[in-house]
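Down below is the structure, laid out as structure tokens.
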Amino acid sequence: MTHIKKPASASIPHGIVSISDYEKSARDYMRHDIAEYVYSGSGDEQTLYRNRYGFQNYQIYNRVLADFSESNTSVQLFGKTLAHPFILAPVAHQGLVHPDGERATAMAANAMQTPMIISSLSNIPVEEITAQKGNYWFQLYWQGNRVATLSLLKRALEAGVEVIVITLDAAVSGVRNRPQRAGFFLPEALCEANLSDLPPPAPRTLEPDQSPALHGFMQDTPGVEDLLWLREQTNLPLLAKGVTHPADAVRLMNIGFDGIIVSNHGGRTLDGMPAAIDCIAPIRKAVGAEYPILFDSGIRRGTDALTALALGANAVCIGRPQMWGLAVAGAAGVAHCIRIFQEELEIAMALSGCPSITDITSEIFWASN
Amino acid sequence: MTHIKKPASASIPHGIVSISDYEKSARDYMRHDIAEYVYSGSGDEQTLYRNRYGFQNYQIYNRVLADFSESNTSVQLFGKTLAHPFILAPVAHQGLVHPDGERATAMAANAMQTPMIISSLSNIPVEEITAQKGNYWFQLYWQGNRVATLSLLKRALEAGVEVIVITLDAAVSGVRNRPQRAGFFLPEALCEANLSDLPPPAPRTLEPDQSPALHGFMQDTPGVEDLLWLREQTNLPLLAKGVTHPADAVRLMNIGFDGIIVSNHGGRTLDGMPAAIDCIAPIRKAVGAEYPILFDSGIRRGTDALTALALGANAVCIGRPQMWGLAVAGAAGVAHCIRIFQEELEIAMALSGCPSITDITSEIFWASN
Amino acid sequence: MTHIKKPASASIPHGIVSISDYEKSARDYMRHDIAEYVYSGSGDEQTLYRNRYGFQNYQIYNRVLADFSESNTSVQLFGKTLAHPFILAPVAHQGLVHPDGERATAMAANAMQTPMIISSLSNIPVEEITAQKGNYWFQLYWQGNRVATLSLLKRALEAGVEVIVITLDAAVSGVRNRPQRAGFFLPEALCEANLSDLPPPAPRTLEPDQSPALHGFMQDTPGVEDLLWLREQTNLPLLAKGVTHPADAVRLMNIGFDGIIVSNHGGRTLDGMPAAIDCIAPIRKAVGAEYPILFDSGIRRGTDALTALALGANAVCIGRPQMWGLAVAGAAGVAHCIRIFQEELEIAMALSGCPSITDITSEIFWASN
Amino acid sequence: MTHIKKPASASIPHGIVSISDYEKSARDYMRHDIAEYVYSGSGDEQTLYRNRYGFQNYQIYNRVLADFSESNTSVQLFGKTLAHPFILAPVAHQGLVHPDGERATAMAANAMQTPMIISSLSNIPVEEITAQKGNYWFQLYWQGNRVATLSLLKRALEAGVEVIVITLDAAVSGVRNRPQRAGFFLPEALCEANLSDLPPPAPRTLEPDQSPALHGFMQDTPGVEDLLWLREQTNLPLLAKGVTHPADAVRLMNIGFDGIIVSNHGGRTLDGMPAAIDCIAPIRKAVGAEYPILFDSGIRRGTDALTALALGANAVCIGRPQMWGLAVAGAAGVAHCIRIFQEELEIAMALSGCPSITDITSEIFWASN
């Protein structure tokens, strides 16, 4: 494809041994404006920075006397057992970085027995993705009204997805200066494959003194009544993604959501948000010990995942590394990224004295007093 | 004009999508010593730095369940309704960066329905500026005595300004090493158009052991009695600019000022001052919930404005970006800067769950405990 | 040897006056992949960085009225008197950087009257090292089972070592990306001289879904029962190395260990651990005033040693500087490093008002209130 | 002189408007090893860095309503009135950077009516310096015993100095790696002019296992009895320099010292000491409101002096800037440095609302709550 700068390598290139190696290398494979779109955060990228460096506030003890005779990395989630607590976050438009797009990602997810959350904005139709064996979830963007949203939901349900995730934190796009400066555009060859048969949105005309954000996009977001309605449209586990305030988490729990994904959208929406990792503990405190919390934003190391789990997450989602792995080496690259996360988490568990995921608690953190 | 390094562009240059783009680009249009004058802060520029980075101490939640059916960015100020809470701060000598100077800025202010505070030190006479339709305020520098000050005030009143702002924090110029090193000088072509017909100041002779700052400039500043006198010279709203200490704010309120502008003069006076943004909350606490507070110094993003409003400001003033916009693209550049601020604020309100300006309170800030 | 990039200098090169000079210079003498192995920490090297900069959190008063008529740098450790509180930490594979390897290090240790902890993974056999006069300790890695471990221990005891140190924090190797990227390999010429006659380890086969870390390496670590057994195999002082959690320290004390070495393995195991220096005080508090604590990780200055002693260590161990000294100037380089540490500690004691090691307490630290 | 790299300029070079300009420029005039000696701090220069950046922890309000009808920068010290609270700190070997050395500095001090503390280690004899009109103090280094010390003291007294300052914090030289690496040596042409006629020190032989610092230099420092004796040798004001611990300050006050100079020797002795500015307040608290405290280390701006005075210092001493001014422009350079300090302090007083030195209290500091 003409929008691919350099075709993905046929095998993992020499010297790629960590997610940061993928991050550094993947730029070489992407058209400049697409790279800016993939890598950037909003505004001055304060939140993008905090997401990554916020983990450093959590320092971890090594332990030397734990009993590892029974070791296990599996977690229970929504009635299923996952071998590792990693999930592929929904990432839109994977065709931007690889001709096989989500098809390749699904192959990797399947090979690594990792759930994949298919984006509403995938370039490959949801049915074509789920045609491969695997554990697929579906990420739903509200389509401005209930009719169109239900149509999209039903298509995903018919494709056989097992969990529904509605993203709530991107009603308005953040201030995305880096792709703006680079003149980012979606190549014509890529379509939003799941949205093509939806009824066209009702035309909305703004007065000259009205705000595109406030009087435009924000009028197309779901209200509480819409979410109560959505809850009734499926018996599948229903999650809300993009939650950072404890009060929002509690309201969503009360609306009937089966879990939430703590996330700041990888630093791509409101610049100025805290590090995503700092948002887990207050939410865990607010929703109680049993309510499922997933975490997303900035995980690049096994120790990052260990930290998120210790703060109260039940599993973690991996976003941008999918795009980096895909660009560098296609399905093999994504699979390698997942493998790196798994092995690094195993090493982190071994050294921090946690033989199983349930042993990973806030006791692992160093405290001076 | 010979002191303009490169004429302003006829349209907004490609890739200019944020205030920081204007900041970076505007240097190319300015003579070096003028750029040093415009961009620099005093001393070691600690305060200039703090002004900008102080905003990062205020982290903002995104919210996902707010009701935006009624959205509005307007504020009430001194009996008028502003469509957005932005005001053009008084900036002296705008002819330094564009031949049309304040005339072009006024055109942009008018187009964007934004109040403009005309500087005592404008290069275009106040009457010529106010001849254009618009909402004009006047910034008054004390002219050493009541006679000259009153003469200047009357000229502004006759020109039709609607609010008077006296600047109190620049009695003595700060230590301005960068323009000193660059050999900054005001081009002969530029005059202080509003001061030209004032009586010449009384000659003051210093003894060899007397200080130009303490025994010279500081003797020409208004005392409390002078401010009480000034209060009686006009019925227009009267504001004091350059206040950072709560006790000063309370005294000014008691003298009869209608509001204050919290500002550290963009880091151009006393180096060592705190970030201006840190000064709002203590002053709001001291003067009560109803007293008008404007804020000035370091606003470069919509989220900065959101932060200032949440801490207690009723509106925010924009300073240096006027000069950058003017240098790069004249009136269109200034208007574009205002538009960027407006749109970024709207996006920030949408993502932080604030459908109106009064919804922007300290509840938006993240707190870990 | 072909894996040495540049032979060690015949004398201390001009301008080498501190450990940081050795650090900077030694790279020139090492093959790239070996340098990456020696210098690197695990993961993103957060802990490597913290180890070094953590000392800056402890600020030291100078004192001007202390009585130095009786000055002394000696310490009592395990029934012996050391002239200075420095010990050479166990460092594996010293043949990587100098053809004489541990033989040269022992020569330096002997010349400087400094105890040397011989690594299980030395390239020179323990007997050959101890053939030189000196104060030798032996670092024991658990060999997967009691038979092999006992065989190695007995060999060390027969060689005449005086203290046994078992390393507990490296059951699993950390994530070592820098040597991985550099393609680090152990030159064929180097053997693990102390392990060559041990029975080969029992073969362990992992299922495809089992973790090399958790189901492989961690199964070969000693449990509490093994440590109780080990305690009975020798009457020599027995220390545990790699302890950072107070609870682990107390358990090891109760098992019968004669002391512990607080260490995070020089930042080479679990990245995310706190600065090693921050771990001393909580452990000292937990084990009481009398229990021997040694410290290791990041000591590069006499003031670092002063800080560790003030926080509760009885002596400090020096790791990487051995390799740097060895690479640059062989035995003379190592001896010079030890001399630098001794002299810098003496100067630090003089200026901080501590005429003897027991005078070095937390009273030396500055506190603002 | 051959050890001067470039002769001092005949006038202040263009663009030199701050002390930092002198700092940057002076290197060009100095032989490399001499520059390293002048500019460097001890160890890793943590304390040198802290000295400079420690001021940033003290943020200063501007004030806009203070009454400046009575403005004054003078201070009373030891029965004399100084026009400004600046004093030239003792700086050894000024001949290193200018052929006229201390003679030129004295000329500048005299021109600016600033006291000069003559170093024991001046290259120009004390009598030759005091032959110029001025306010001279003498810095005394203990000469190993009372006889030699008294001889040096008497010489200074006979030369007409007005205050005696004994330096207590440099019994042992700090770890000075930068001059060591640069091969710093004192040019033969320079003599320690005040020490040349003293009896040679008694020979001291160290055993091989004795420490040059602890058993050598520290044995030549004055004990408490020596200081009591010294106190009786003169009726002049007697100050102790190099004090940072409150307990030392109290003991020196009780011994009969008339004041202390809080200083960490410009970061040249014990690296790891706190920022000197942080040491004033605890000492002021310990010695009470009336006891004279001078401050030295890191003052480079008028606002730095303002900060030190606000924390409790009665006056501040200027060290390295003397050497920079001297190197760049001889006596005129030193005078210019003093003038910059005076004018910047005046501006800082004007903007912070302090019409006199006694108005400079901790009330000037910003506090958020």
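We call the chains A, B, C and D, going by the order they appear; numbering starts again at 1 in every chain.
Everything that follows uses one rule, which is that contacts are C-beta pairs under 8 Å (C-beta built on N, C-alpha and C of every residue); 3 or more make two chains touch, one makes a residue touch a chain.
Everything numeric in this text was worked out from a predicted model, so none of it was measured.
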{"item": "Where subunit C and subunit D overlap in contact partners, by chain label", "value": "none"}
{"item": "Copies subunit A and subunit B - rotation angle from C-alpha fit, nearest 5 degrees", "value": "90"}
{"item": "Same-residue or different-residue interface between subunit B and subunit D, half as cut-off", "value": "different"}
{"item": "Where subunit B and subunit D are represented by their mean Cα positions, the distance between them in whole Å", "value": "42"}
{"item": "Separation of mean Cα positions, subunit C and subunit B [Å, integer]", "value": "59"}
{"item": "Residues of subunit D whose C-beta touches two or more other chains", "value": "none"}
{"item": "Pairwise chain contacts under the document criterion", "value": "A-B, A-C, B-D, C-D"}
{"item": "Subunit D partner contacts - residues on subunit B that touch it in the complex", "value": "43-44, 46, 50, 168-169, 171-175, 177, 180-181, 209, 211-215, 217-219, 221, 223-224, 240, 242-245, 248, 251-252, 264, 269-274, 278-279, 281-282"}
{"item": "Subunit B contact footprint on subunit D (complex, rising order)", "value": "15, 17-18, 20-21, 55-56, 58-65, 67-69, 71-73, 83, 301-303, 306-307, 342-344, 346-352, 355, 366, 368-369"}
